[in-house]
Amino acid sequence: MIAVYPGSFDPPTLGHIDVIRRAVNIFGELTVLVAESSKKTSLFTAQERKTLLEKVLEGKNVRVEIHSGLTVDYVKKIGGKVIIRGLRAVSDFEYELQMATMNRKLQPTIETLIIMTGEEFSYISSNTVKEVAHHGGDISKVVPPTVDEAVRKKMRL
Amino acid sequence: MIAVYPGSFDPPTLGHIDVIRRAVNIFGELTVLVAESSKKTSLFTAQERKTLLEKVLEGKNVRVEIHSGLTVDYVKKIGGKVIIRGLRAVSDFEYELQMATMNRKLQPTIETLIIMTGEEFSYISSNTVKEVAHHGGDISKVVPPTVDEAVRKKMRL
Amino acid sequence: MIAVYPGSFDPPTLGHIDVIRRAVNIFGELTVLVAESSKKTSLFTAQERKTLLEKVLEGKNVRVEIHSGLTVDYVKKIGGKVIIRGLRAVSDFEYELQMATMNRKLQPTIETLIIMTGEEFSYISSNTVKEVAHHGGDISKVVPPTVDEAVRKKMRL
Amino acid sequence: MIAVYPGSFDPPTLGHIDVIRRAVNIFGELTVLVAESSKKTSLFTAQERKTLLEKVLEGKNVRVEIHSGLTVDYVKKIGGKVIIRGLRAVSDFEYELQMATMNRKLQPTIETLIIMTGEEFSYISSNTVKEVAHHGGDISKVVPPTVDEAVRKKMRL
Amino acid sequence: MIAVYPGSFDPPTLGHIDVIRRAVNIFGELTVLVAESSKKTSLFTAQERKTLLEKVLEGKNVRVEIHSGLTVDYVKKIGGKVIIRGLRAVSDFEYELQMATMNRKLQPTIETLIIMTGEEFSYISSNTVKEVAHHGGDISKVVPPTVDEAVRKKMRL
Amino acid sequence: MIAVYPGSFDPPTLGHIDVIRRAVNIFGELTVLVAESSKKTSLFTAQERKTLLEKVLEGKNVRVEIHSGLTVDYVKKIGGKVIIRGLRAVSDFEYELQMATMNRKLQPTIETLIIMTGEEFSYISSNTVKEVAHHGGDISKVVPPTVDEAVRKKMRL
């Protein structure tokens, strides 16, 4: 069965990698969908985020794609059935509930499944990572080495 | 008794209409107050949102007004006693509590009453509606037909 | 319009009195409905709680009744339209949402309205009051004098 | 892949049936695990709850079993990989997070997946159902007909 | 300054030990206060819980005491200024807020301070520990060895 | 022991002053750290906020400093051990948990302690203060007189 894990991944964190590992473990394979947001200003371009994810996930049964429209439209197009979401916190939960409900109204046959993030990654977010790196802090414990290097390179520019 | 239901309504959703219907049912009449925010960039102008609400609410005992100041000041000016709020989720709840407490400090005689939105509308927000429409998604199940048409027309521009 | 404020009131706290005062201010009158629970062991009998409320609310336009069935059945019987609930905290909110939704399924014409408790009473519950009194603590700042006296008398027995 | 949906189901509600339907849709089949709790007093025996679920789920690719130990032990014994949970509300979420974390410590290879309940069932719980039925209320909109009948029969005794 | 960490500790978990370690690190010393609840049925007696804590905390600058009244009364008696609480989850937070507010009304000079539990212990509770042990599960990753042994011995009886 | 209370304080509210007063009461002294954010547009400059805080806190054992980097780096530099945070609401709590966890990864020896704000200040935020003042509302009940005057002067410009 085709499962899709959508997100901004700006940048990918160890929390994202943990969700991906668990999802592949359950569904055998996974499509990671990088959202190409036109609104939010991102640190990395969608293509850079795709490349970062592909490096980090090399050897895993994971495909990385970029999509700029509605997630449910992409999932339907590729014949997928399941949207995967990782959950960190209660405030996340409500946003997820809202999105899942809206997605269900748009495509009733596609289900949203939530995977609990490992508790050691439970309070890592891309925004916190960027904030810490911006102030010269060490992010090596919360992102993969490839991402650590890329963030530092990007921020130096 | 005069009750006022303030909001951005950018655009009005079926969730808003549900709250308005229930409030009219309780208080006999209702004033819907469209906030003319100077900060947030809105999809529709305050006047357009007023017109949309008036079309959708035609025949109901509802007056629609635009106001750019503090809600409590407007409510006091028209001799109102009650501010109506609809509640979707827990995160809403805390913001509402904060606003209600501040409003109480500003005008102790005006009460904030919360109406539970119907659960079929519980996870619809104006922001989600705009996000879905922006990506070409179908919003006809979450907004009235008049609003659906207006959003599609506006976004095509 | 007839509004009903149901609860256990075991014992009534200043938080309850605050909600009642605000509800009377809005609706002109109020029926306080004391739940005669067959399950929970209560400190005061339903009759004692009714008497306590009547003493504390003397002179206010409030009627106190005892009811052992579903709140919505009582509200419908007396031709009421509105159930009033006070809200202290987020965890309350979810329980209230669940009850309001169930009540709506039972009686779609009866609405549940939530009044924000004054913030100085926001974290008082009957259970905390009983726990503190049980250990000989001073509850005079969180319950009316009549209730304070009754609780101390009851606990001494 | 074998997925297990554990719970008390005392009684099964339309919310449970909704989760089961979605889980079968995703995983092809499902094992529903009725917890035989030694502590909580239940309305129906574990065997009665199993029979109710089997009647309601007849024709669906669902197996119903009774288990009195740890869920993860059962899942491991039958070679399962996934525990399914339905989520109604934020307070549920935290309990689920706690259980999922503990289960992960007990059996790191078993994942907990959360399915969003349909919003029309989002605030139905077995406890509310029992409370309403206990007071003679109509539960036909929140449980399957078979369960409705069984609850009314059981409560009359 | 004298800081007091009250709780049931039935049994003590690695989460409790983590809070105690952090509190000693900040305040130099700590008094752990074992609540002798007359209501809740506990697995261990207050004396047994005191002995378990003393064994586990040997060599640390921690005193363990039993108290059956209000925590604030004890803290005041020994000239303490601070009540320490560990926080696991949002639902905890609201209960803590309620207790802290009540304690402040009882003794305005005593403050409640919350220490964030280490995220690896964030979803361990005494109740979950007992539930898992009751079903023969392995609790060695969530309690100290001394407690693990004592729980297994106690449950065998 | 050196404790640091970081924040934006744009502007300082009675809620902040309440936390500061309680923290000084516990730790004897306090360093208030004004964040010089490069991102958020603030009403007052960091220097103006520092001056406001110094005026309001005159005579208290409080030092006010400006810092533009990571809080933990500053705390470490001055040999501090504790970061103080005030808590208003559940949504705050999750953000605080996320920041505290990240800070712990960056500097494991520095602890984050949460002080409960007095309930009469529990729903005051700098943002609400600015919103009310922007609309010509009275903020004298939620900020110190010095801040009230400064906000009105600044907004007139």
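Each chain carries a letter (A, B, C, D, E and F) given by its place in the written order, and its residues are counted from 1.
Here is the rule we use: a contact is a pair of C-beta atoms (placed from the backbone, for glycine too) under 8 Å apart; a residue touches a chain by one contact, two chains touch by 3 or more.
No experiment lies behind these values; they were computed from the predicted model shown.
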If you tally contacting C-beta pairs, which comes out ahead, A-B or B-C? Let me know. B-C
Computed over C-alpha atoms, the centroid farthest from that of chain D is that of chain F
Could you give the separation in Å between the centres of chain D and chain E, each centre being the mean of its C-alpha atoms? 33
Euclidean distance of C-alpha centroids - chain C vs chain F, Å: 38
If you look at chain B, which of its residues touch at least two other chains? 90-91, 94, 97, 101, 119, 122-123
Which of line, ring, star, complete and other names the graph you get from chains that touch? other
Interface with chain A, chain D side, in the complex: residues 1, 22, 25-26, 81-82, 87, 90, 93-94, 96-97, 100-101, 104, 109, 111-116, 118-119
Report the residues of chain E in contact with chain D in the complex, numbered from low to high. 88-91, 122-125, 128, 132, 135-138, 141-142
Provide the residue numbers of chain B that touch chain F in the complex, in ascending order. 68-70, 72-73, 90-91, 94, 97-99, 101-102, 105-106
Any idea which chain C residues touch chain F in the complex? 90, 119-120, 122-123
